[in-house]
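In what comes next, chain A is part of two complexes: it sits with chain B in the first one and with chain C in the second one.
Then we have the complex of A and B:
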């Protein structure tokens, strides 16, 4: 199995490398919204002194960390896999004795992510020079604590996206459904605004949903803002969601493949 | 485990195809209520194929050939009936099954478009768990037959159609499958390319004893490779048997071709312009303009020939089976 992943990596890395110019464009597009949120919240905090106790530096560090965490936990499988179902090019993969989504698509996504990080890091350093964040509260311990949370977030996000992408077996409108999923992430993962500033009721909902693991929780861990019980609760919720997503994915996948009509190819 | 390599019983597939009229109004209506139409692609097909057979699977476009191949390779779930290939139910997609069969479908399919085929081949080696020795041995054989080496280092997108077909077919055979489903393996190739692929398939079948089921629009593929053909039309089995028997059953005709002796006054055109319809149905044959052809029922051939020999100044006469294309065309239309 390790050998398969090694070869998959070589193929997918070579493939992604072919599209590095597209990737640079994608990164620039993707950077726009977090930078806007960063600027808006920082301006408000500067004018008011703080927003519900969050200073301008809190917002800057929050969004600077978010740039990295979001990149690590997000995925693009709706774009790479959804089309394969619709134009029938999945056929070639489906008759190979490995799971198309959990091997090839996964490795392809990680290759994409790696290349993205290579592009993002110099941009991130440039932004840090521009906004001058003070990472006083960030500790190595916090980062170490956040790494498993980021991996958990990536796994859950990948499987949930996998479920939505698998709906392509039934409907051609899967991209709209994914847009809705993305809107939920924007709201409940803490991208618009750190969850702490949301109304109490939204915060309570967010706590039982998986999305805060995609951004908010790892960021808070890195910033050292969470108590031990909050961390435990975050991880427990995450593990439950991971199990649920795994089961859900298996069911939807199995039914979807049965539905597959192998069009065109 | 059955004794047949491929066993198909009452296999059926009905597609639900969304349907709507053109125009804005219909688009709005279709948004709220989608209409579907059932398309019966395959309707209760039965056949058995023994190990080592090469069978031609024929039918006009839309007959259900590709749908059947997709079901047999496991890509599609049937609506009804059963299929057993090498003891497996294909659509359960068991890894052991997927490792022992291949499906080659005329277009890009196994290879990544952006990278050289060599990389995709190494990936296949890992996926199919082939030892270095086995992989090298099979690759060497494939390279001998298909001359792959010069093509391996170029990105697949830069290969010509014929080159791509070669690397695609070889990619599908690296794991030495016992069963090959080939959908139009020579489509778009020039004559010499077609001949190469054909020779290769015959050789592969001889060396490995693999079972091959192939569809093709080129009758030459079928006559060169297959002793047996299966014809389907409108999703139903029309014929299953030897190619020779097909002509006898579907088209019990012979073609009589005659070249008439020319008198000095008569040019070829005039002599060939003579009306032979009293002997049989005249037939066009563009390949041989020197002769006039008529179609005659098999049992009347002796009678008609002797009558023609006594009536006409015949210089040359041939009696032949009608071309297989014509026979199959007739079978489709029956």
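Then we have the complex of A and C:
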């Protein structure tokens, strides 16, 4: 099994490396909205002194950390895998004795992510020089605490995206469904603003959903803003969602593959 | 006259194409409404924490959202589908047929695809602008409205011209099929007054990829914030950029030699 992954990594890494010029453009998409929100909220915090206790520096550090965490927990399988279903090229992968989504697509996504990070880090340092964040509250312990949360967030996001992408076996409208999923992330993950500033109702819903593990919770752990009970609660909710997503994915995948008859058949 | 006839034909064709996917159209409009809800929620959150942002109030940001939607509609109803078609036509050589038509090729390339349901976005934009101005309580004189329309139009023309230049670059660099990504990526910056951004970002969105010229600046004209000479200047830039874009397009076209040669 390990050999399979190693080989898949070599293939997918080489494939992604080919497209490294396109990556620069992709990173650009990634950077714009956090920078916009950072600017909006720091300007508000500067006028008013603070926003519900958050200073301009709190916002700067929040979005600077978000740039990295968001990159780590997200995936692009709706694009890579969705097309394979639509143009029928999935057929070739289905006859292999390994799970197409949980091996090849997963490794491809991680290769893409690794390459992205290599490009993002120098840009991130540049942005840090421009915005001058003060990472006083960030500790090694906080980062260590956030790493499993980021991995959990990535796993849940990958499986939920996997479920949505698998709907391509039935419908051609997966991109619309995915847009809705993306809207949920916008609303509940803390991308626009730290969830603390969201209306109470949204915060309460966010607590039982997995989306805050994609951004808000890991960022707060790194910033050292969470109490022990909040951290345990976050992890517990996340693990429950991981199990649910895993079961859900298996069911949808099995039914979907049976449904699949390839293009042209 | 001729081009009006052509545009109405294009619209007709595109309506027919949209009718083939009726359910998609409905889903898209629903998603669009969802994003409108999200945008209004974000403004609500912003203004429950502050009185002004970049010197502007709640109503003014609603109006800005309307202006932003005008530009955004152009992005998704016109720029996006036509660029896709254009890039494909350069790759497979079907650009040949476009050039053979007895009509201005720039016109054909930029208007043949129109995502019809997005027209509803234009109505929404006008509603947002009107409602926003009413909420803001700004005193608007007819002359400001005229300035606003003038600068919004020239702002849209500037973005259109930049688009022409970007796709025309494909004639020189055939592999440049990321041509409008930079425009697409930065367009969201138009949601907020450019005065909230750090200087370097202000410079980018005003001079390099002038999203703010099409969003923030027309609204400043509406509020009466702009001096007369600036209004004239931005309008002149609009005309100049269109002329430059047409030139670039023509010299790019000369370099086109089909896909197989």
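Here is the rule we go by: the second predicted complex is superposed on the first by the 263 of 265 C-alpha atoms of A that agree within 3 Å, B and C clash if a C-alpha of one lies under 4 Å from a C-alpha of the other, contacts with A are read in each partner's own complex, and residues count from 1 in each chain.
We adopt the following convention: contacts are C-beta pairs under 8 Å (C-beta built on N, C-alpha and C of every residue); 3 or more make two chains touch, one makes a residue touch a chain.
All values reported here derive from a predicted model rather than from experimental measurement.
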Now for A:257: first (chain B), second (chain C), both, or neither, which partner does it touch? first
Tell me which partner A:198 touches in the superposition: chain B (first), chain C (second), both or neither. second
Touching A:94 in the superposition: chain B (first), chain C (second), both, neither? first
With the two structures laid over each other on chain A, which partner does A:18 touch: chain B (first), chain C (second), both, or neither? first
Taking the superposition on A as described, I'd like to know which of chain B and chain C A:6 touches: first, second, both or neither. first
By the touch definition at the top of the document, which applies to A:132: first (chain B), second (chain C), both, or neither? neither
Chain B - residues contacting chain A, complex: 15, 70, 73-77, 91, 93, 95-96, 98-99, 101-103, 105, 107-110, 112, 114-115, 119-120, 122-123, 125-128
For the complex, which residues does chain C have touching chain A? 23-24, 27-28, 31, 34-35, 38, 42, 45-46, 49-50, 52-54, 178, 181-182, 184-186, 188-189, 191-192, 196-198, 200-201
Across the complex, what residues on chain A touch chain C? 22, 25, 28-29, 32-33, 35-36, 39-40, 43-44, 47-48, 51-52, 130-131, 173, 176, 179-180, 183, 186-187, 192-193, 197-199
Going by the contact rule set out above, which residues of chain A touch chain B in the complex? 3-4, 6-8, 10-11, 14-15, 18-19, 89, 91-92, 94-98, 257-262, 265
